[in-house]
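Next come the structures, one after another.
One chain, chain A, appears in both complexes that follow, with chain B as partner in the first and chain C in the second.
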Partner chain A sequence: MATRVEAGRWWRWREPGIRGHQAAAGWLFIAPVIVILGVFLLVPIAMAAWVSFSDWNGNGSPLGANAHFVGLQNYRHLLTTPGLDQNNFGTSLRNNFYYVVLVVPVQTAVSLFLAVLVNRRVKFVGFFRTAFYFPSVTSSVAITVLFLFLFSPAGVINKLLSYFGATGPSWLYDPRGFFHVILGQFGVHESSSLANGFFLGVSYWDWLAGPSIAMCVFIIMAVFTTSGTFMLLFLAALQNIDESINEAAALDGASEWRKFRHVTVPMIRPMIFTVVTLGLIGTWQIFDQIYVGTKGSPSNTTLTPAFLSFNTSFNANNWGVGAALAFILFAIIVFFTVTTRLLTRNPDRVPRRRRFGPTQGLGNPDASRVASAGSGSTP
Partner chain B sequence: MSSSSARLDASAVRRRRVGRVVTYSFLIALAIVYIFPFVIAVITSFKTEPNATASPLGLVPHPVTTSAFHQLYVGQDFLLWVKNSLIVTLSVTFLRVFLDSLAGYALARLRFRGRGAAFATIVAVMAVPGVVLLIPKFLIIRQLGIYDTYYGMIIPLLVDAAGVFIMKNFFESIPVSVEESARIDGASLFRIYWSIVLPMARPALVTLFILSFQGSWNELAHFIISAQSTSLNTLTKGVAQLASGQLGSGNRYPLKLAASTLMTIPVAILFFIFQRRIMNASAGAVKE
Partner chain C sequence: MNAHSKTRIARSRAALLLAMIAALAVTASTALGSSQSGKANTLTALIGSSGPAETYAVNNAAKAFTKRTGIPVNVVVASDLGQQLAQGFASGNPPDIFYLGNDQVATYAKAGDLAPLDNLKNVKSFYPSLRAAYTYKGHLYAAPKDFSTLALVVNTASWKGAGLTAKNYPKTWAQLASVAKKLTRNGQVGLCTNPEFHRLGVFMLQAGGWLVSKDGKTATVNSKANVNAFNFVKGLISSGSMKLTNQIGAGWGGEGFGKKECAMTIEGNWIAGAMTHDYPTVPYKAVELPAGPAGKGTLQYDGGWGLAAASKNKADAMSLISYLTQTKVEMGNAKAFGVMPSVKADRKEWLKLYPQFAAFLAGADYSRSIPTVPDIATVLGDFNQQLQGLPQTDPKSILNRVNGELQSILNK
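For the complex of A and B:
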């Protein structure tokens, strides 16, 4: 890192003249940023950490006489004490979990597909890129209002479905779990063995509910609004691929799908991991859409940890529990980010063994590996 | 590409033509999916409420009316929301571009003790998810006595670590020689920054300007936790309250969609003006 190199020269700042000037100016230049970040990020995180260990109820200052240290009680309240709060917490985790599990793969696949399409030599490519990216620049509020309209019970989507002879659900008013609906089609209904076991205040049967029909609207909305941004990331990665590699594969008679699978995907692997990581971080934070759209209804099936944390603090004045929830959410996000990093840290390690003689001398090991794999496997 | 295609046989040519048709079909179908919701939103905002409810898919309002827009002006504090959004967004955007570029320049160019630590702090801050900070930010804003004021809405948004990061990377990518000759001529560091470095950094500044404007114009969560008076409602907050309003007075879809159409216009204009830059930030930086 560049900063390491500079560390060896720390003594320079004491020199009179230009270096001394630089030290003063340097600190002066970054002072506003450092002060604001410190006051509005570092200090408040410490304050919230204190609140999560206290019984503060919103009256007066959390640093004053109204707050008392209660240890881990707020965390225990959410994680181990059966009750409404634990049930809400477990429900919000389940809802957000299904949201993440569906949104991240779908938005990654859709944005990659869009990027591949707009990376081709087609007419009006600028128009298509603009069309796909536009939802990404609009505000979450405007998009949510739009989706409330599209997915209203007698709205645009259900009208479209009726042209195909289908009757749409009441969407945002439908709390039924998607998996439950499918299981119900096969005659599987709530069984007592699953209904009596509980985890985080939610029965096993309810853990298996899948996203509610209402949550599916938010899932579609997330894919709609984020695929444009990720399309641009993938597009940048695709444009970095050396055209000669694609040509070599084409010469060898590789089909479009084979080229995509064995040339394109391996070469943009790092970007796929970036998009998945960004997706994981973003999807665990869904708040605006819930606040504007449903506030957790119907039957808490669109409740998310972020919204629950907000609601517990600002509306129920249970600040200790709300803050504890925020930190648990933080831990979840850190866990997923670190796990993805660890899983993808060395994507080159396994293929290294597969590489052979002539390609080893080339500058870009990934490129050479792909080229050889592409030509070697064509029939 | 042409040299290789010349060698392809007739079946390959046919396959290519089929591929072309498939590509265009996908592109057009998807473009409709992505654009249609916005088209229908604009159309619906010119409908009457019974018309919007009865035929949500109708592409021609019957009758055409601007009553939704009139209602926003008369029945809602829409102009107040616009004013508040403008005050907050413009303050945040200009100050953020200035402060982030100042810090980015110092981190890229100036040699001083603690620079590494300062940069590490900024990167660490970047990793903290925003939603987790709602309660902490509310606590400090109240503690500082700026709750329910413009200050509380603006100051916490003034710097973002990502902006500092963008500027630092940009300054590291441009040659240092011009600044050095100015330095030898005895110009002060701030003068060098203001009259030499900033003009050179225009592409990066524009990128940061767009990101900041879009970010603060579309911001909702921070305004929810930093103010409660209706007189401080921004567009996002106002329209959000409109959206979750009482069901007793009808669904009011034309009104809500008119509001969300209007609030999208400034960002859309910015988007279309700087489209090329947004779409291809790196190429744009090289061009200018």
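For the complex of A and C:
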């Protein structure tokens, strides 16, 4: 056993036998990738991790004499020490949470809907596909600036609303929470029982604020810009479904909705997981729109952890806390990704090996019956 | 050994050779790069420019310096000054000199990023208040280059339209409230300004309050005087004769004023550029801010040149800084983009140049800069965020919150 491990050592240049030089050549060929990944990914991540455990103040290298190990101090500063940093962190989590909770389901649904639309054989389908995809290839900075104009208090959107007799809010300047506004309509205002309890420096009442009117603009923008990208992914998945399966379902008397619900959705389940995961990662990392658009205003209601991490590091010179924030954000993203994986897992628990087989994702008994009927009818 | 394995060996040798050449090329280029930056004593000046006029003026001054001393200067315009400075400090290769606001000076000085400028040749020529604004733990960490104060800017056409004359320029809070009410007509609000400490703070000073106690050790944000000040502001807002710029959808007071959304605003002398370029048809005049219960008061914003502790050419950089902060250069800047020079002696000359802005310079006699405390920019940033909700919040709760935040950084 020991000798086999010895023989398999990864740094071994010359292995016995006919494949003597292959290991060396192999390492040479992957060397560029290893170097690139190392320099641009692994080393920066390792250094950021170190900074999050240090008191580095931005002067000189973080590996130099100016940085000292301080253990979990930066994490404690954010999570358990009351103060401005904790309050900002809690606020940014709240803002981003509502952003994610609203953007991810809506963008997934909209992009799936668009994909189903452009998957049909209709006239000008190429035009529509391009049109829907267009926002995705435009720079997010350009779109943000465009939205700043559209949603300015005297902008196009409010002009449009005024034609219908409605007075639009001042959008990006309006810090009121959406849920607070709705509760206010029913006469519910800040109640002392909720205002006096705090979590991460933010009162329970403020946790329930919902996205601010300003954040709603970013939510609309995110759905607008990302739906096209995910439409493309869904389109690819939809085109992988054999037409005969749909035909078989139709022969069995399934309505359009039942076909969609029991054939299409189960068959593209892996793609739904992909889209939701990509959506979660993208939305938890929202930065450039905030940096260009509002820098956290109004009243910190568009502050997000990614922007706060940048601001804490580069402007407040508080690098350790900024890095710790980035790692907490990383943990949050991992948590949500794993949760999504568990939730979108095939309920029939097809063994891992067979999951990518021809009957991939057909967990629903109805669907698998339809599918086997379909494959049976294919010559 | 067969032919097949021979070619394989040859191939792997060729690959090795290629890899070695690549490695050599990388080493050579980095070596060249470092020798380049080490050899030349070109000074780098990083500036956060307000526009082409400022960039041009600084470049010209740098060229004149090079002509006199033979030291080449490279002026770099930052797109995000704070971020680029931070990158420079972290890399150990920062720009030699750079723009430095007095809100950041303590933070950088504490981190050891800045070299003291106590021995600058012309250190005595600056206003004492400006020197104080850049002094941290007894050392001067930036050479003041210019400053601005806030004044009341009025639209003279609206003024006449409301039946007001030069006699009516407000001297007290009561008069301010009364003219703001009279000017609120024809879809225009009397007074508008940014919802931030850096504007509304003037009322704190006029009421006799300030951010910190005299010894600078205790936060006094929620003092009675400050509560009075913000209650006065909130009263103006509630009465409808004042609006914050976020209520009218303007980016800053100058925009609301220029677009005739309001007849008066509280702004610094930088408003002149915006009025000339963007709103040339709006007639305006700057007057001193009214006095509050405790007398006159205004805020002051300071610009200075900082010197990096890691600079390799400190002596040359010092002489560049003293060149850039001498009367001739500062007056050139004043002509080019309207700033007020940091050198006392320039006062009369500046007034000759800009008689219409006398109010800004008059403010220098009683204006205050924010305390030189590390992290103060973060706390004031939160103050600004909270003030955006002033119309629907109790001022006292905002002041209490900021007071706690400020006290915690003072305790550090």
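The rule is simple: the second predicted complex is superposed on the first by the 315 of 379 C-alpha atoms of A that agree within 3 Å, B and C clash if a C-alpha of one lies under 4 Å from a C-alpha of the other, contacts with A are read in each partner's own complex, and residues count from 1 in each chain.
Convention: a contact is a pair of C-beta atoms (placed from the backbone, for glycine too) under 8 Å apart; a residue touches a chain by one contact, two chains touch by 3 or more.
As the structure is a prediction and not an experimental result, all values here were calculated from the model.
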| item | value |
| --- | --- |
| Touched partner set for A:Leu343, first chain B, second chain C, both or neither | neither |
| Partner chain in contact with A:Phe224 - chain B first, chain C second, else both or neither | first |
| Partner chain in contact with A:Asn88 - chain B first, chain C second, else both or neither | second |
| Touched partner set for A:Ala25, first chain B, second chain C, both or neither | both |
| Partner chain in contact with A:Asn57 - chain B first, chain C second, else both or neither | second |
| More chain A residues in contact - chain B or chain C | B |
| Chain B versus chain C as contact partner of A:Ala195, first or second or both or neither | neither |
| Partner chain(s) touched by A:Ser313 [first = chain B, second = chain C, both, neither] | both |
| Chain B versus chain C as contact partner of A:Leu208, first or second or both or neither | neither |
| Which of chain B and chain C A:Tyr133 touches, first, second, both or neither | first |
| Doubly contacted residues of chain A, that is, touched by chain B and again by chain C | 18, 21, 25, 29, 61-62, 152, 154, 313-314 |
| Residue numbers on chain A that touch chain C, as the complex places them | 18, 20-21, 24-25, 28-29, 31, 57-62, 66, 83-84, 88, 152-154, 170, 173, 175-176, 296-300, 313-318 |
| Chain B-touching residues of chain A, taken from the complex the two chains share | 1-4, 6-7, 9-10, 12-13, 18-19, 21-23, 25-27, 29-30, 32-34, 36-37, 39-45, 47-48, 51, 61-63, 114, 117-118, 120, 122, 126-135, 137-150, 152, 154-156, 159-160, 224, 228, 232, 236, 243, 247, 250-251, 256, 281, 284-285, 287-288, 291-293, 295, 306, 309-310, 313-314, 319, 322-323, 326-327, 329-330, 333, 337 |
| Touching residues (chain side chain B, partner chain A) in the complex | 1, 4, 7, 19, 23-24, 26-27, 30-31, 34-35, 37-38, 40-41, 44, 53, 56-57, 99-100, 102-103, 105-107, 110-116, 118-122, 125, 127-140, 142-144, 155-156, 158-159, 161, 164, 172, 183, 189-190, 193, 214, 217-218, 220-221, 224-225, 235-236, 239-240, 242-244, 251, 253, 256-257, 259-261, 263-264, 267-268, 271-272, 275, 278-279, 282 |
| Sites on chain C touched by chain A in the complex | 5, 8-9, 11-12, 15-16, 19, 82-83, 86, 89-90, 92, 107-108, 110-113, 246-249, 309-310, 375, 377-379, 382, 385-386, 388-389, 392, 405, 408 |
